[in-house]
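These are the structures in question, set out in turn.
Each of the next two complexes has chain A plus one other chain: chain B in the first, chain C in the second.
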Partner chain A sequence: MYPGISPEKHQQRRILKVEGLSVSFPTTLGSVMAAQDISFDLWEKEILALVGETGCGKSVLASAILRLLPGNAVVSGSVVFGDRDLLCLSEKDISRIRGSQISMVFQNPTLAHNPLIRMEDQIAEPLCVHRGRSKKSSRKLAEKVAISFGLEGGGILKMYPFELSGGMNQRAMISTSVILSPRIIIADEPTKGLDDALARQAIRELSSIKEQWGASLLLITHDLSMASAVSDRMAVMYCGQIVEIGLSSEVFENPLHPYSRALKGCLPENGYNPIPGSSPSLIQPPSGCRYHPRCSQMTALCKEAPPMMAVAKSSSNSKKIGMSGCSDDRHESCGRQVRCWRC
Partner chain B sequence: MSPAKKRLLRCILALFLIVSLNFIIPRSMPGDPLTNLLGEDAYLTEGSASELRSLMGLDLPLHEQYLAYWRSILSFDLGYSYHLHSSVSSLILSRMKWTLLLAVPSLSAGAIFGTILGGLAGWKRGCGMERVNTAFFLMIYCTPPYFLSLLALYLFSFRLGLFPLKGLYSTGSFLDIAHHLMLPILVMSLFSVSRNFMIMRGSVLVERRSLYAAYARAKGLYGNEILFRHCFKNALLPIITIIALDFGFIFSGALFIEIVFSMNGMGNLIYDSLLSRDYPVLQGSFLIVTIMVILANLLADLQYSRIDPRVRWQ
Partner chain C sequence: MAGLQELGFFNSARSSGQQATKREAGTVNPGTGDAASMNRHERGHFGPGSFSFPGFLGLMLFLSFLLMASFSFAIAPCDPWVRFQPFLPPGWGHFLGTNDLGNDILSELIYGSKVSLIVGFGAALLSTFLGTLIGLLSGYYKGLVDEILMGITDIFLMIPQIPLIIVLAAFLKPSFWMVALLLGCLWWTSTARVIRSKTLQIREMSFIEGSRSMGFSDLHIIFSDVLPNIFYVILPKFLLAVASAMIAEASISFLGLGDASMKSWGMMINFAFTRGGFINGYWWWYLPPGLCISLSVLSVILMGFALEERDLETERIE
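Entry: the complex of A and B
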């Protein structure tokens, strides 16, 4: 049941172009490089998964796109949405995009809702704020959307967040994120804190957004198998950098970067082999390739010079599912890219 | 039973216990109750003493005294002040209205302006206007009330002659009373605003760091919208109790202001009767203060549960 890439994909357009995005936080111990030189494209009606272990900078990246980082963050690069660079907009202009054009699903749905406000009003809030609708009329639409995500009966919408379960709060949050039919939804660890059944349901709901609401989804997760199951493309992040990006099926079936391979080896069905060592500090990341201290195929070169993102040869598998249809402009972004000296 | 009813019942119980304690305490004090009631400077002959005793019911057995005590309280008979030669209830009633006239506008202004200005200051922490405001209110907050009152009296009344020097009225017309009350109300409001400002500012500083505030921003709320649609209500919770207690202690809270501006209000009444050991007045005043505090607590509880659904549920 992999959505994969549909044949008509070449007609789709790019809606978000992230280029050279770096985020650092100055601290007393030094500058924390949370994300470095991140570049990727997001295409219309596509699910792009950002995969990586905790602390690799995925959530920072998500917040950086919508400029939701704390004031001390130093951000460079560009995030082009439509014809505008989101990083250059005024706070007022970006606030008009947040929630209406690009919305976000937070990782802790219970804490992200205001404890003192009824669920229906929180779901309806983007309507009041962006469309200037009255509370009453926006409640009606909120109810419709909430019902489509399974929040109905028992006066759930009249309840407060603390009266609902984590899964219900999650659905309320997803309802809030789609209520204005945004073009992009950024979901930051949407399955965190949910049990397995609920997590799967949340993923089903999120992937239905693509079809039902016509939005692209930037899915941020540490769950490799979940990402491969729902996403069209996948980017693997390590220590603030994207180390590999490509079609999900390809990256998952045939990972090229040693880290992606090791990550796959961590999965229970692959023997549950932990990666040796621990993730490095983001204040003084390792020289050369950031993965080299933990890499089993490390060479002298890996220690010294940081590898560039290289376009990898597409495997024969990708041709079968329509990669040949890519125009030249697109080839670079839907092709496989790996940040490793050995690839 | 609904939570509101439960709370009401608890208040009634508290009131009953406190009124009973008010009966027990003076009777368990060492010494002659007459001395306590009349003061140490009153000398009585044996005959008039026993006459007074039976008049006050002090020769009755304790349980009958207790019943009589309740009867008099329910008919708002709080005894007789031998110092001021007046019944306590009429004394309190006449003083109460002046204190209310002073304190209700001051505390209301303090509650409204303190929370709004404090909320904005917490929200816009670090911007120029906010810094000036915070420094100003912090200074007021740290100044002893009597000092600021004296300063205001000296400056505005004595030096500039803008306001009368003392008292509540000279002719008794509305404008005259307003003129007299203006400066004390201003000073008292300033204190109330500064205290609420500091608390609300701190409360908003905590709330703005919460995840729901971040999520509100992600939903597209801009600037003050986040404060007034979300954080303000949440930040209000700790301050509700404090404002309610302000109103609870309304009669004793204005003591310094009343003394400095020589106003004959409740604060001065309690203060004077404390100095002259006028026990009936003290007891009566404490009873009123107790009732006010319990009522204010009840109102705070109800208001709290109206705003915070989590409280309602418990």
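Entry: the complex of A and C
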């Protein structure tokens, strides 16, 4: 595919291409632009973290990919999976892809389980439905998967979701989502509602999915340091737009967009510097660069919307690459892009 | 979705959903003997055997009527169609005396329980089934399906029931099966409304979204995710429908629109009324069937209330 790339890189292929995806919700106050012109690629066996503050449209984006949004959502653009645009599929075709090809891990694991069904049946359910396996054999497999995520002993699998702790429920949900060995797993704030130790564990388990099950992970989170620790690439979202995308190490070490920089400055180790101003309304987003009212380096040019611009690689950065991600001069999608006039 | 939730768009739906989940968590499977329900046993709230006293009374009463209906041939002292001396007052030969034709009233009473129970349960089963199905579909799909199904529900709500039965009885051969069928076809409306509203609430919860993200079909979600979560609404509703159907059967029979060849409590009162039982003060003729109607309805209602009460109790605990 890409001549001259090492064998390991050669296997890396694009499995999901999101292009110009916009989502809006008509309300009586006007249209809420929850996501606007989102474009990114997801490569095989990579972890892409989508970082941004609450309300920037991360979760909407995740739901839009699987077409789980409520009926009033207006979605445009394309989400190409394999050779098919998911946004154009019939409900029947998309439900074949949900779970078996692309599955989802939800925030708040306790609420994401049916309170009246035993854990083992919930984990096994996708097997019965998608693969038509018998209840008994799917339960057996479910048990195996659950054990691999540390759910064993004490009849945990015979219990109901409300009898388990948040961490256990999270592991059960991860088991459910990998049981059909999907190619993509979308994790929507998987650490929300878990305490620090459990969050770490959940993240460890999620990142093990990549190795064990060979799936790509789209990790949605607001935890910048966590994202940089586990992901190969990172996209920073602000007010419905991706403002910066690139290798996690690069984005985290050397953020280019002022917002990414400010986000990094919010981290406790960097001194808890709050970003001035408040999150913009998604109904009437600021014109031009959406960050400009809060940006310390605003110029007159910022009143006009900046395009996504590829960043020329500086030599200092290139040394840090070469970890698990793809090296970025090979294909353009791994290249760093920033939505800011100054870069 | 979190983004919009924070903006307040889905807040109400979600938070009510959360409360409901908590509540559901408390009402799970009384029969499994799991840790949670044992806990509740200790607190003395419910469990199959620990109904409140009225609920227990209702259950016992109901079981005795059920026994009466299923083994009437063994329990009844005589064949209710055999004729003895008419108008006998209660005494040793006939505990509750005889009627104008000389039939043993106690035996009639025991045989009559069958019709009451069959009509009650037949009508309630049918109406609960229809109501649940329609409520689930319209609550889950919303939109046009909801409009149409709820429109039909409104139309059915407008049909006057007893007059319709009178008209039909005039044209069809009256039988208690027909009464059960008719009541079942007319009474699903309120169940449908209740189930719909509950479904509307549950379908917004995140485990439904989770199921959708696993690629389960709508029907699969409706019947294996939503239905178990509204079962605790259906059961009391069903029992209350049984009670009303029993009363309706009795009133229809009393009006003389029932099956005259079948022994039923309503029919007995009807005969007592038309053939001078009331005027002559033959209390053993009309009082026992009246009491039986009241008691059987009471038993079912007590059970229904106990079930409803149980849900409220758990709601309060949570």
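Of note:
Please note the rule applied: the second predicted complex is superposed on the first by the 309 of 343 C-alpha atoms of A that agree within 3 Å, B and C clash if a C-alpha of one lies under 4 Å from a C-alpha of the other, contacts with A are read in each partner's own complex, and residues count from 1 in each chain.
The rule is short, and it goes like this: contacts are C-beta pairs under 8 Å (C-beta built on N, C-alpha and C of every residue); 3 or more make two chains touch, one makes a residue touch a chain.
Remember, it's a predicted structure, so these values are computed and weren't measured experimentally.
Following the overlay on chain A, a clash is recorded for the pair chain B and chain C. Of the two partner chains placed around the shared chain by superposition, chain C is the only one that A:S59 touches, whereas chain B remains out of contact. In the superposition on chain A, A:P126 makes contact with both chain B and chain C.
In the superposition on chain A, no contact is made by A:S137 with either chain B or chain C. In the superposition on chain A, contact is made by A:A34 with chain C only, not with chain B.
In the superposition on chain A, contact is made by A:L68 with both chain B and chain C.
Touched residues of chain A were counted for both chain B and chain C, and C has more of them.
The contact surfaces that chain B and chain C form on chain A in the two complexes overlap at residues 66, 68, 95-100, 103-104, 106, 108, 111-117, 125-126, 129-130, 160, 162-163, 176.
Chain B contributes residues 210-212, 214-223, 225, 229-230, 233-234, 307-310, 313 to its touches with chain A in the complex.
Those residues of chain A that touch chain B in the complex are listed here as 66, 68, 91-92, 95-100, 103-104, 106, 108, 111-117, 125-126, 129-130, 160, 162-163, 176. Touching chain C in their complex are the following residues of chain A: 25, 27, 32, 34, 54-60, 63, 66, 68-69, 71, 94-100, 103-104, 106-108, 111-117, 125-126, 129-130, 159-163, 173, 176-177, 188-189, 192, 282. Residue ranges of chain C in contact with chain A, taken from their complex: 1-4, 6-7, 9, 17-18, 21, 24-25, 28-29, 34-36, 142-143, 205-207, 209-217, 220, 224-225, 228-229.
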